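There are structures below to look over.
Across the two complexes that follow, chain A remains constant while its partner is chain B and subsequently chain C.
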Partner chain A sequence: MPARSLSLHHVVKRYDNLQPAVDGVSLQIEPGEFVSFLGPSGSGKTTTLMMIAGFQQPTSGDIHLAGRTIDKMPAHARNIGVVFQNYALFPHMSVADNVGFPLRMRGLGKAEKHRKVGAALEMVGLGALAARKPAQLSGGQQQRVALARALVFEPDLILLDEPLGALDKNMREHMQVELKRIHRELGVTMVYVTHDQTEAMTMSDRIAVFNQGRIEQIAAPQDMYLRPATRFVASFIGDNNLISATALGAGRYSVAELGPLQACDLALADGSPVDLLLRPEMIRLAGDQPPCATLRIDSAVNYGDSVLAIGRVGATPLRVRIPGPQARDLRAGQEVPLHWHASDIHVIPAARA
Partner chain B sequence: MKSLKTLAVLIALFIAVPLFIVVPMSFSANASLQFPPSAYWWGNYQHFFSDINWMQPLFNSLYIGLATTLLTLALAIPASFALVRHYFIGRTALNLLLMLPMIVPQIVMALGYYLYFGRLHLTQSFTGIIIVHTCLGIPVATLILTAALRSFDANLEHAAHSLGAPALTTFWLVTLPVLRPAVLVAGLFAFIQSFDETVIAVFISGRDTATLPRQMFNSFRMEADPVISAASSFLFILVLAALLLPLAVRLTRRSSGSAAGHLAR
Partner chain C sequence: MNETSSLQGADGVPRPGGTTAAAGLLRALLKGPLPLYLPAALFLLAFFIVPLGYVVVMSLTEPRPGLGNFTALLGSRHFLMVLLQTLQTAALVTVCALLLGYPLAYVAAGPARRLGGVLLGVIALSFWTSFLVRTYAWMVIFGRQGPLSHWLASLGWRPPPSLLFTSTGATVAMTHAMVPFMVMAVYAVMKRIDERYVRAAQSLGAHPLRAFALVYLPLSLPGVVNGCTLVFITTLGFYVMPVLLGSPNQQMISGVIGDQIEQVLDFGAASAMSVILLLVVLALFWLYHRFVGLDRLWSR
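Moving on to the complex of A and B:
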């Protein structure tokens, strides 16, 4: 299948005179990439996708597919496959007719249509169900049909809007693996909308985090986890401790009631406000190392493989995840010495209000 | 729960009582309308189906009903799309206007049409009755169609576009077929109300364009001919069949559908 690049340039969408739904989104997606749009409900992910598909017109800005602008192109001429959360299968057509629909629109001969529909259904593992109506399929099967229909015509791009949102957990995990396999086999560019951070982390080449109609950060999952660009991204992805602090220079930061903390030096002006991100799993029990702080535990949640201790250091709330057997004895009310490395603290310059 | 069921059955019986009188009477061998009949035969039906004075109104009614159905749908479908999909100034007013024939008493409408159509030379014409019946059919058809359109999933059309179907193709291949049950029900109601309508037909249809209900009304008034009970029963059976048709279609489709499901499994 052809792999195409996609780029958005300062795309804005206003539905009415209030806050725009999409507020100046720019991004560049490479051929064959799997990019997730991750963000809370109402952050503009679907609207962005609808504009790429051509169902909505941008108020301003432009969109390029394979280097050519598609702003003036109607949706039916764009050659983009779309998978919807509610499947949007045509209820009056059989599975085969649903999958054959885009081929019928392209005027393919009967034999070739039959062959391609068969291959697409084979690809999603539904070869035996071609004659059924959508209503006779389970949710997972319907979503596979929708996927087959979106890829059978060799689109330049596949857009998926929370395609697994309506499935139960097991089926969802199963389909995540399937989707990645199909992406690998076809090499087609995919844009995947989700509000599930785990899904985005496990599936994507890169993640674009949406917030209030803007992209807060676009990065590979691991980079995003270790080096979130904003407080919003840090709090949206993974469990976290976000501590407000002030830069003191030379990589030292003062935290109210906790004293100075050492972290990496961002060469910020003295007195600049920052947020310090310290992931709960980066913190260890001090053992024989010098303690960085002492945690008074308010509650300890045992996950079997680890314990999440929630408590305070001075007045600062802190979450600590301790793996393995050493965690079993942690109890509410205990005071435990903690240790971390200065390099485990990620410094985020705070946005000025 | 049980008493509620009993109540439902009682109400159904109450509604059905006239049928228990009319249907047996249609087999009456008496020369006048009398209940219960003293003897039974098929004669009334033979008479009904062989008398041009009954057959002509029957075919008139069928013709008017079909034309009304088509015209009602041709107007109510675009109107429903406009009301649901588009915002325009006067939308609420238009909606109210379309519902008006349901609210205004039929006898008032009849009088209005009688005076108004006289000038337009539309009384005693098929065109006149078809126009009137279409006006009467539009409120219910619009209610049914707008309800269906409001619950229609716009993503179905989006999906069709993304798969390469332009707007008109999408309408014929996706939108209309998905709305088909609503279109059929709306058409059915338009047909039945036209087929049943008496008051206005009495006012504006003439001898040559008499509908079946009008003919029954006349016959009842003039001679109390027992054939009228055969005509009534026939009218009733036809309407009942029309109402049960969608149900039957759905039942057979479901059973054949699940059979296909079993085979595939």
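Moving on to the complex of A and C:
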């Protein structure tokens, strides 16, 4: 299947006079890449996707597919496969007719159509159900049909809008693996919209985090997790401790009630406000090492493989995730010494108000 | 709404949902708790079932017992012509109401909310205007001195035709009366068609017109079937408009029934005609039920 690049340049979409739904989005997606749009509901993900697909016109900015602008191209001429939220399978057509629809639109002969529909249904593991109507399928099966329909015509790009949102947890995890397999096998460029950070983390080559119509950060999952660019990204992805602090210079930061903390030096001006990100799983019980702080535990949640201790250091709330056997004895009311490395603290310059 | 006929239901008011109300009532009668449906059941019994039974009895006993009324009617060329004429007119009104109503419903159910609201408002307004008032309005419009004649004359049509007392005029007026029913039946189904279906079709390569023909139109068909059933059956029983606006030489069946009662005082023949009309309507309902299902009149 052909793999194409996609780029958006300062794309704005305004539905009315209020805040724009999409507010200056720019991004570059490489051929064959799997990019997720991650963000809370209403952050502009679907609108961005609909502009790429050609169902909404950008108020300003432009969109290029394979290096050519597609602003003037109507949706049906774009050759982009779309998997809609709730699938949008045609209820009056069989599975085979649904999947054959794009081939019919392209005037393919009967034999070739039959062959391609069969291959696409095989690919999603539904070869036996070609004669069924969508209403006779389970949610997961409908999902697969929608996927087969979106890829059978070898589109330049596949857009998926929260395709797994309606499935139960097991089915969702299964389909995540399936989707990644299909992406690997076809090598097609995919843009995947989700509000589920785990889904974005496990599936994507890169994630674009949306907030209020803007992209806060676009990065590979691991980079995003370790080095979020903004407080919003840090709080949206993964469990976190975000501590407001002030730069003191030379990599030292002062936290009210906690005293100075050592972290990496961003060469910020003294007195600049920052947020310090310390992931709960980066914190350890001090043991023989010199304690960095003492946690007073308010509650301890046992996950079996680990315990999440929620408490305070002084007045600062802190979450600590302790793995395995050493966590077994943690109880509410205990005071435990903690240790972390200065390099585990990620410093985020606070946005100027 | 003053349109009444011996057969258009005890409430005498054809309205969208009337048939559902009937189907819903039927279900309620079978399943619902007694106190809830008892008042309605008693009402229907007293003012609909009993009079209807009386009509059936009269058709078989007046002036003497037997099937004489029916054999006479079915042997009468005139009556069969009236029946055929009535069916033809109802079919024509149905087609015209569909051609006018479908695009209206399409726009009203579409993404332009304000326009849709205005359209529905205008439709509701004509719907709420008294039936008799609308009939007299048509008499003025179609009259020899009416605006239509003036307009046609100004276009150079001399002498300008008058549509008053022609079956064309009656058909136009009945179509006008029926368009709101068609719009509401079709709109109810269209409103539930997710825009994503048409978008999906386009994303798969269908030109917007093709997406409409292959996806939207089939999905809206239940509304079309409902609307056509509603309009056709209602039109079969029309009385006021064909009598006041139509041609005396091309009456519809309700007008003929009225004449039998008011002018000839032949209650036996009038009752038999009513029963035949009732049987036609029941046959249509049976067909509908057979192929669509009465309980699915408003749901998919």
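Everything below uses one rule, namely that the second predicted complex is superposed on the first by the 353 of 353 C-alpha atoms of A that agree within 3 Å, B and C clash if a C-alpha of one lies under 4 Å from a C-alpha of the other, contacts with A are read in each partner's own complex, and residues count from 1 in each chain.
Keep in mind that, in the parts below, a residue touches a chain if its C-beta (ideal position, glycine included) is under 8 Å from a C-beta of that chain, and two chains touch if they have at least 3 such contacts.
Here the structure is a predicted model, which means the values were calculated and not measured.
Taken together through their common chain A, the two structures put chain B and chain C in a clash. In the superposition on chain A, no contact is made by A:F236 with either chain B or chain C. Touch criterion met: A:P102 reaches chain B and chain C at once. In the superposition on chain A, A:V82 contacts both chain B and chain C. Touch criterion met: A:R149 reaches chain B and chain C at once. Legend: residue contacts after superposition of the two complexes on their common chain; A:Y192 is shown touching neither chain B nor chain C. When the shared chain is aligned, chain B comes close enough to touch A:R132, but chain C does not.
Which of chain B and chain C touches more residues of chain A is settled by the count: it is B. By the touch criterion stated above, A:F90 is placed in contact with chain B and with chain C alike.
Contacts of A:F37 after superposition on the shared chain: neither chain B nor chain C is touched. Residues 53-55, 74-82, 84, 86, 88-92, 101-102, 105-106, 149-150, 153 of chain A lie at the contact with chain B in one complex and at the contact with chain C in the other.
Against chain A, in their complex, chain B makes its touches with residues 153, 155-156, 158-166, 169, 173-174, 177-178, 180, 257-258, 260-261, 264.
Residues of chain C touching chain A in their complex: 194, 196-197, 199-208, 210-211, 214-215, 218-219. Of all the residues in chain A, the ones that touch chain C in their complex are 53-55, 74-82, 84-86, 88-92, 101-102, 105-106, 149-150, 153.
Interface of chain A with chain B (complex): residues 50, 53-55, 74-82, 84, 86, 88-92, 101-102, 105-106, 128-129, 131-133, 135-136, 149-150, 153.
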